[in-house]
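In what follows, chain A forms one complex with chain B and a second complex with chain C.
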Partner chain A sequence: MNLRELPKVLDLEVLQDTFDDRPLSGAYTSDLLSDVMAHANDADVLITIQSHKNTVAVASLVGVGAILLSNNRPVPEEMIQAARDESIGIFRSRENQFVLSGRIYRILNAE
Partner chain B sequence: MRHAQQAMKANGISGMPVVEDERLVGIVSMDDVIQALVEGRTDSPIRDYMSRNVIVLEDDMPVSFGISYLDKYRFGRFPILNAGRQLVGIVTSRDIINALLLEIHREVERFEATYSQPQLDGPGFTLEYTTRGFDFETAGRLSTETKRQLKMRNLPPKLIRRVAVACYELEMNQVVHSHGGTVRVEYDPRNGTIKIVAADRGPGIVNLEEALTEGFSTATEWVRSLGFGAGMGLSNTRRVTDKFDIQSTPAGTVVRVTINTPEVSNEPA
Partner chain C sequence: MTIRADLHNHSCLSPCGDLEVSPIRLARRAAERGISLIALTDHNAAGNCPAFAEACRRVGLMALFGTETTSREEVHILSLFPDVESALDWGRWVYDRLPDFRHDPEKLGDQVVVDVDENILAFEERYLIPAIEASIDDIVAETLQRDGLVIPAHIDRSAHSIYSQLGFLPDLPFSALEITRRPPPPGAEDYTLICDSDAHFLDDVGRRTFTFSAEISVDSSGQEVFNALAAALQERRTTLSI
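Presenting the complex of A and B:
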């Protein structure tokens, strides 16, 4: 499955649509940005609750293609702008990190 | 209420916190006094007229929080509590404007004193950025720019990532823990090294060994709520670099790291 198909499959809101599509082969779940930098090496999606500009910087650093925000977190406009500049997608869901991680895990393992 | 009115008049202020056993219980303002006057009850106790749902700030929050709260809630003042929930002060927009004007003045002086054009032409480069305590807005600029410069010079992506991680962690460490400082990156292709030097203006690290232990952190709760202060900054930096050196005194902390780069051909990319 490709990154662009994810919002439809998981019923996600797409808040920032300017990003390069790629095959979805890994994801990482964390709210600690240093932890993301240390361990999210092969992630295409970052599942997190941290809806602010610095998350975009970290995502871009480790090469994540899209950020998936959980728990319907409000997203500041400057985060969306930063993500547009860095070509990183922003998705949002009402679900929590556990549920989102589980669903993505199942998708990846079914392929 | 008559007493509140007199105290405000004597001190030239338009609002006061109401405290019971060092705990903040409300705020009484000139508007409340006027209300009491209108109702002809200036002898009533303050508790009948004060606002009880008071929005407070904490003494270690950055001024930018204060500004956004003033903007958001349109109150003239916010009481400030310490970590023990005791009232330690009160802040008004006038306090903030005064402090910021002074700081702008100082910043301009600092800028004039230290401004130098970075060396970006040729195969190597030097970049230096200034950080300020709790300024999350502009932090990360060095890391972004360094990444761009290295990409332009066609260095391997994995190496670029290591450099960018080290830069970002060192910048964020200064933002979260110090009074601010500078972080400088120097790429010298002839030596095959990228050196990063992060120097801040204090307050220094009390116990270096603890600070280098993964998971140990002295960051405040609200910093952690932003996803920083996980206690991984220094250990992450050490992990991605080839040489790591740290020195700390109350006057400041200096971190020096080196990342070795592969040999490059003579033509710059």
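Presenting the complex of A and C:
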């Protein structure tokens, strides 16, 4: 599966659509940006609740293609703008990180 | 006499800070805005404090020196000291605990150490934003042990604040709490409150300040200034601009 297919498969809102497609081969779940920096280098999607501009900077650093925000978290416009500038997608779900991680894990391990 | 203070400011050493914010320009802007006591608190680093001390001397400001440290929980905490040497020593303690992520100035902004005349002395190569290997408790204990003041920064912000990261206020001997708006979060009124600009750009210097009364001036020693502030915080004698 490709990254661009994920919103449809998981019923996600797409808040920022300017990003490059890529095969979905890894994901990472964390709310500590320092932890993401240390461990998320193979992730294509970052699952987090940290909806602020700094998340985009860190996502860009580790090479994540899209950020998936959980718990229907409000997203400030400056985060969306930053993501647009960096070509990183922003998705959002009502679901929590446990559920989202579980679903993406299953997708990645079924293929 | 009424002292107007702004204890949270960033220079060009902080990557998110504007390259324009050299210590001398920061000092001049603070003076223009009626601030008489200013602190430099770059992220996890005190490298511009020597230049800042000289800048404040030239401009005629009282100054304190320290860092805005990122704890393991990713809470931002201010640690303030009366003199450059203590701040640099503290800076070394922080830096020893900072993971070694190579900095990318193009993506993240420059991290520049300068002298008072804005000559570049060094580029900091380790990314200064990430969390250090020390908890909130560790940072509080170490700062107080070194006779500094320890103040959780912007406790009411939605990121990097005690409330955003923990959801509650731990029972620790903070010197004060820094808020950015009213009303303060529940539990915060048990502590002395201050507000500061958290300026990353010159335009923001002094956008929030607080005042306290003390008989200190630019002719006072750093320790006298520090002690007067510490007493005001201890006795809860602060008036916030917000």
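Quick notes on this one:
Note that the second predicted complex is superposed on the first by the 111 of 111 C-alpha atoms of A that agree within 3 Å, B and C clash if a C-alpha of one lies under 4 Å from a C-alpha of the other, contacts with A are read in each partner's own complex, and residues count from 1 in each chain.
The working rule: contacts are C-beta pairs under 8 Å (C-beta built on N, C-alpha and C of every residue); 3 or more make two chains touch, one makes a residue touch a chain.
All figures in this text were calculated on a predicted structure; none of them were measured in a lab.
One of chain B and chain C touches more residues of chain A, and that partner is B.
Touch criterion met: A:N54 reaches chain B and chain C at once. Touch criterion met: A:G63 reaches chain B, while chain C stays clear of it. Of the two partner chains, neither chain B nor chain C is touched by A:V14.
By the touch criterion stated above, A:L32 is placed in contact with chain B and with chain C alike.
Comparing the two complexes, residues 32-34, 37-38, 50, 52, 54, 57, 60-61 of chain A contact chain B in one case and chain C in the other.
Listing the residues of chain B that touch chain A in their complex gives 136-137, 139-140, 143-144, 147, 157, 161, 164-165, 168-169, 172, 226-228, 230-233, 236, 239. Interface residues of chain C, counted against chain A in their complex, comprise 70, 73-74, 99, 101, 104, 107-108, 129-131, 158-160. Chain A makes touch with chain B in their complex at residues 31-35, 37-38, 48, 50, 52-55, 57-58, 60-63.
Interface residues of chain A facing chain C in the complex, by the touch rule stated above, are 32-34, 37-38, 50, 52, 54, 57, 60-61.
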